[in-house]
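Heads up, the next two complexes both have chain A, just with different partners, chain B and then chain C.
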Partner chain A sequence: MPILWLFLIVLAIAAVGYVSGRARALQSAGGDSRNLHSLPTYYGANVALKAVVPAFGLLIIWLLAQPLYVSSQVSEMIPETSVKEGSSLSLVMAEVRRTADGLNNAVAAGVLSEDQARNARADVTDVTQRLKDAGQVVTSEITQPVLRAAQSYRAMNSTGYAIMTGAVILVALIGAAISWFQTHSDYRARNVVEQGIRFLLLAAASIAILTTIGIVLSLVFNTWEFFKLYPASDFFFGTTWAPSFSGRGGASDLGIIPLLWGTFYISLVALLVAVPIGLFAAIYLSEYASSRVRSVAKPLLEVLAGIPTIVYGLFALLTVGPLLLDVFGDNGLGWMKAGTAVMTAGIVMGIMLIPFVSSLSDDIINAVPQAMRDGSYGLGATQSETIRQVVLPAALPGIVGAILLAASRAIGETMIVVLGAGAAARLSLNPFEAMTTVTAKIVSQLTGDADFASPEALVAFALGMTLFILTLGLNVFALYIVRKYREQYE
Partner chain B sequence: MNDMTRVERAVDSKDIKINAKKVQVYYGDTHAIKDVDVAIEDKTVTAFIGPSGCGKSTFLRCLNRMNDTIDICRVEGDILLDGEDIYDKRVDPVQLRAKVGMVFQKPNPFPKSIYDNVAYGPRIHGLAKNKAELDEIVEKSLRRGAIWDEVKDRLDTPGTGLSGGQQQRLCIARAVATEPEVLLMDEPCSALDPIATAQVEELIDELRSRYSVVIVTHSMQQAARVSQKTAFFHLGNLVEFGETGQIFTNPVDPRTESYITGRIG
Partner chain C sequence: MTDASMDSPNTTRHATSLMATDARTKKRANAEKRFRAYGIVAIATGLFFLIVLFASILSQGIPAFQRTVVSVEFTLSPAQRDEAEGTLFKTKAYSDLFIGALNDQLTESGVTVDFDQDAIERLLGKVGGTIRTFYADNPDKLGEAVQFDLAASSRVDGYFKGRVSRDTLQDSRFLQLSDLDLVDALKEAGIIKQAFNWPFITGADSGVDNPGGAGIGASVVGSFFMMLVVLALSLPIGVAASIYLEEFAPQNRFTDLIEVNISNLAAVPSIVFGILGLAVFIQFMHLPQSAPLVGGLVLTLMTLPTIIISTRASLKAVPPSIRDAALGVGASKMQAVFHHVLPLAAPGILTGTIIGLAQALGETAPLLLIGMVGFVARGYPDGFVAGFTEPNSAMPAQIYTWAARADVGFYEKAWGGIIILLMFLLTMNIIAIILRRRFERRW
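The block that comes next holds the complex of A and B.
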């Protein structure tokens, strides 16, 4: 709650600043707004912005930095001896944090008084009992060092927040005051506000980019950890995927080749389904369909794109798999052993990609100038000749781009594979066998009780990094092709 | 319009190539062309002039059924090409357009090589038996388009890389490659500079020896320079149709005179 209050206080300062800044500007111009450099609202906005932006900036930085600082301070208090065999400092710190939260909740519930929660000589068993009575911490016994650490953790946090509240309000007041004194009829408030708005928009854009960089960095560090434990050559060139979770370390084969092969094979089947159907649908919609058919059919086709992939997965598991099994299974041609197979996942994934391909291609075909079609019709070409020889070649770069984007979606798809393709990592050419992909294995390596120090869990990051680089490359290539050929006409 | 050309015009009396009678065109509820009667002669340049939106382009597009590609457009009346109704159910618009070629306002070369642009029509109509014949057709057409000398060394470069005037002459070469009997030109020089315009006009005059040419233009000087017959359209009506010399020097209808002298338009 205090942060919400702080938030409202800063906003209130800004509101007061707005009104008073506007009034001061008008007063300095002798009440006539025509004598001002900028509109009166700009003077108000100038004061408000200078109150809000630095204050909130400080607030955000403080909220990010304080937990880091407090944790590092508190973890120094924990003696080596209290870290048990097979445990780690980070696990003890997690317990400290849980205990501190428990103390907070207990105080809020009225089970503990504030003094008792802070009392450094408090009896451990008594506090533990009280916490348990209050419905907090039930997992393990609280030890003396953990309780002490938790208490100082609480104390440091509450002082930290108190200082933060004061500092933020102070910064808001100073900002408002400085800009209020600056306000004068000659002051170029409009230019300053425009600059400020530009800066805010820039900040919003950089947050998106910084997040991407953050994601990549987190992948990179964990991938690095993995390659310290497991040789890179075995990972990239190993042809068996057999992680063992029972015997930790050394016993696992973590070769990426079978997973990449599965990814490639399933994506290939998906594209073989999606590209012809999607492209033909796009050609029909953009060239043949009347505007009435188009206005109904296009949104209907795009509904396919709105279906969650897990639902497609169910469709693969319950409908397509058994259907294929009837035809290709033991009762039919005898090629298929179970409903989960490359074909099942590939076909369903292809259906998922149809609207993706058709919608993008439709836009691209529509962008081919009507003059091209007229020129061809004027020479006595039929509609299909025109499409085949003029429209499609003109739209080809864009269509290739659409297909590559669809391919990178196919490579990244997970749920359909988990439900439709089975879980066996296998190097095989038979599309009716179960296989699995990189994404599906990332999920299975990280679900359950994952120990983030073992190569079996860390391999997920190496897999994710490989996948990221593959799809990034594909996307860059797609954009390059689209850009390179875009200016062919017009 | 000197006297010599007028004399020459008087001698040029030819067969009727296209005969349009009582043509009505509707765009949805709009009556765009009203009761137009025009007789277009063979081996003659006929110019359609008139203010913007008067229906001259619309009427031109009726002559090779390009209006079929517009859903809401409806054409009534008779348009006879060599005595046959082109709007008859038995007539295939695709074959008709091979006989009645068209050049558009903006140069629209396909994003293909210069060679493929010209070979496009002959290929889809199967006019060449082998590569040598196709080469011959392409060269002949480019020569007729008065652009052969400029592009003969770079036939495999994209047609879109040429200058505007070259592109338009390429489009004309592309249109003559299918050996049409009539060539329709919809403001072929409106996107070109004066030099390119002069080249295209010269070309039109040469084309007259083989084809019947119909040209829509906003430039009255151009109509006077290149055409033997002129039709003046106003608000969807054909106001006046006659010898170019007579239309420009001695118009019958007061509206034609107002337009030519710049009072309406």
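The block that comes next holds the complex of A and C.
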């Protein structure tokens, strides 16, 4: 693991820099730290920071940039003719990478000498055979251009990493040296260090922005690729979902409408379960319950929120599904064909959302000032009348916001629908039929063996984009409602 | 509200006594009772679901911790070994010897039943091979009596646990009705029995055709390495980001942008983080698929908002007088925060981090997309670095894999895995609660 070593070397430089920087500052002050501008540790920290931060910055940028550069260089080497019919450049590049990895592993295992791996005139069949002997997975037959590309890919990568190692260590040394020479009893080390730490704190906070940018970019680029292969209008308005895995291109029907319908239907069932139960539980807990009941019931309900969704998924698949099938299946009412259905997933998802609705509503109901209740009681209203006609209207925007947030949760929920809702995409009104959702299809399209370049895999990104925008929209809308209609009681 | 109106004097009102409840009061009182009852019913329903959930986890998961073993005392003399090694079908010779030993034990306990080699194979798998490898590895055991605890096949296990019954069993190459007679005989003789399933806790996943041998140990290790990555990245980054936002951030658009992003990321569905991980870490950066490192990175991005939100809350809870006092005796702003505010907020930060980790530990959806599902974790990673980079599974992903397999025997394993997962989560949450109780300061 050379990067780990590089990491440790830079840290070692920083440690040495810390000790020597501190010593130099003390020396320049005649050994008396009272003559220094800052505490001696700041001088050490100054040297260490200036060694570590630029070096690691360079390391990260290099690690991100090098694969891009190498890939673009290598893909230029591959002649048009070697890209087969029905294949694409990215597939060939994947093969190049696999071959390069295979060569690396074979060299590491000692089956292939370094010279043989680099030899540009090496016999293709011989190398293939050796790779296979070494237990490396090699796709069918390596062609001449692929082997050449893989060899230069390897070469460029190894020189790249060598240069990177040198450059990073050099930057660390230069940083340490410069700050070491700067160190002097009048040097304002504390201010510089604090400025640096502040910058690091800002960088940490910016990761949230980077994550969002990463999500948006990865969704947008791949969605764009997908729309190049598959018409957008067919995606958004198509009413059949029938991906084919064998054929490519026009063979699949990838309409999102059935998936959106399934998502919507299951979420609706979930909300029908969660909202009444959650809301009444919240009302009872905040208005009626004694503090003892509250201190027991509230955490118990919240346990439901802490259970991982995979548990709910299994609960839907193996407990609720068969239970519903007993009642509504062929032995009962005959409405249900299999355990996985909209009802199964919806009910279980509703159970999951109960604490979500109840906790949020509880907070909101508690925020309604007591004076309003007292006013209502003073007019002779009973407790339930007060709740229905005073407290709930006052809390309504917040409650609507909570329900919208719960809906956004329901739409984005994955494991319950993957296990409990079935896999068939269909447009139907029967809640006892199996349907599927956007999230479940993202999983099934991306966990198969289809390659990333096919529309069948890329459609998952378009689905993800839809999901992202849908949930984001719901969240923003929920916040907007809460802000706009909230009554201010201060 | 009431309809008592002051300005319309109603003479009939005074006709009835105050003591007697009129119809309207009764109606209102009933409405009050009903409303109250709705609330109680709602809470009872919620708690009922909770109980059903835990009951089904426990009732279906606990059998996973038991397995059926056939324990046979077996002695192999060196001469017998040489003879067996000399034959053409070596494992057949060993299993003949084994059947002989089994027969002896059966007659010893006074039970007689007919069985052949095929029946043994259906019950115990390839016994001969197991015995042969044992003696090849431990030649010094030759001539001594050795107790063999051989795991029974998953269908025999199911017969013991009530999953398979005589009425529903159909003769197949996996199990025949006649084999159950043998099983009953063995049970009577005390040779076949139930034992605690250590291999489930310590073992690795098996192939799709062997539910009996599947264990969760390897994926616990995978989860552990993932949590190490999450802890090492999300705690420092989360704390740094919260300190910046809470203590240093100026009121400007960039700060607003960060705040909006954090609150949005907290609401993004977890599967979208999986897409991010797939596109950025695997497609773009070519990090190894199915590796705990990648899983840890994805989960870090997912837990960051949780940790930031709770850290900010505990920083906010430290009263400003602490900061003022530090500044007053000449500390810089940075010193006031790092020397005084942060240590006081530490218990709260730790609690939030543990809860964030518990959330990350149970998360499944993003792991599906970065390839922790298709992979069968057949063994432990060798070494510390390999623990991060070698393909492995994680607990929730392993449970999903089992749930998605066709063999019913895996369902039991999935429930058992859930019990283990929930025990981890429970422990983490209890630690968080204890930390909060013990160190939380009220100002």
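Just so we're on the same page, the second predicted complex is superposed on the first by the 310 of 490 C-alpha atoms of A that agree within 3 Å, B and C clash if a C-alpha of one lies under 4 Å from a C-alpha of the other, contacts with A are read in each partner's own complex, and residues count from 1 in each chain.
In this section, a residue touches a chain if its C-beta (ideal position, glycine included) is under 8 Å from a C-beta of that chain, and two chains touch if they have at least 3 such contacts.
Computed from a predicted structure; not experimentally measured.
Asks: Name the contact category of A:Ser376: first (chain B only), second (chain C only), both, or neither.
Replies: In the superposed model, A:Ser376 contacts both chain B and chain C.
Asks: Comparing chain B against chain C, which has contacts with more of the residues in chain A?
Replies: Partner touching more chain A residues in the overlay: C.
Asks: A:Asn331 in the overlay: touching chain B, chain C, both, or neither? Say first, second, both or neither.
Replies: neither
Asks: Would you check which partner chain A:Ile215 touches, where first means chain B only, second means chain C only, and both and neither mean what they say?
Replies: second
Asks: Output check: A:Ile310 vs chain B and chain C. Expected answer is one of first, second, both, neither. What do you get?
Replies: Touch status of A:Ile310: second partner only.
Asks: Give one of first, second, both or neither to describe whether A:Ser233 is in contact with chain B, with chain C, with both, or with none.
Replies: Touch partners of A:Ser233: none, neither chain B nor chain C.
Asks: May I ask you to decide whether A:Leu4 touches chain B, chain C, both, or neither, giving the answer as first, second, both or neither?
Replies: second
Asks: In the superposed view, which residues of chain A touch chain B and also chain C?
Replies: 376, 379-382, 385, 389
Asks: In their shared complex, at which residues does chain A touch chain C?
Replies: So the residues of chain A in touch with chain C come to 1, 4, 63-64, 67, 97, 190, 194, 197-198, 200-202, 204-209, 211-212, 214-215, 218-219, 221-222, 276-281, 283-285, 287-288, 297, 300-301, 303-304, 306-311, 313-315, 317-319, 351, 354-355, 358, 376, 379-385, 387-389, 405, 408, 411-415, 418-419, 439, 442-443, 446-447, 452, 460-461, 464, 467-468, 471-472, 475.
Asks: Considering only the defined contacts, which chain A positions touch chain B in the complex?
Replies: Per the stated touch rule, the residues are 290-291, 369, 371-382, 385, 389-390, 393-394, 488-489.
Asks: Mind listing the chain C positions that touch chain A in their complex?
Replies: Result: residues 1-2, 4, 28-29, 31-32, 34-36, 38-43, 45-47, 49-50, 52-53, 56-57, 60, 236-238, 240-241, 243-245, 248-249, 257-258, 261-262, 264-265, 267-273, 275-276, 278-280, 283-286, 301, 304-305, 308, 332-334, 358, 361-365, 368-369, 371, 373-374, 385, 396, 399-400, 403-404, 411, 414-415, 418, 421-422, 425, 429 of chain C touch chain A.
Asks: Please give the residue numbers of chain B that touch chain A in the complex, ascending.
Replies: 64, 66, 69, 71, 94-99, 101-104, 106, 108-112, 120-121, 124-125, 158, 160, 171, 174-175, 178
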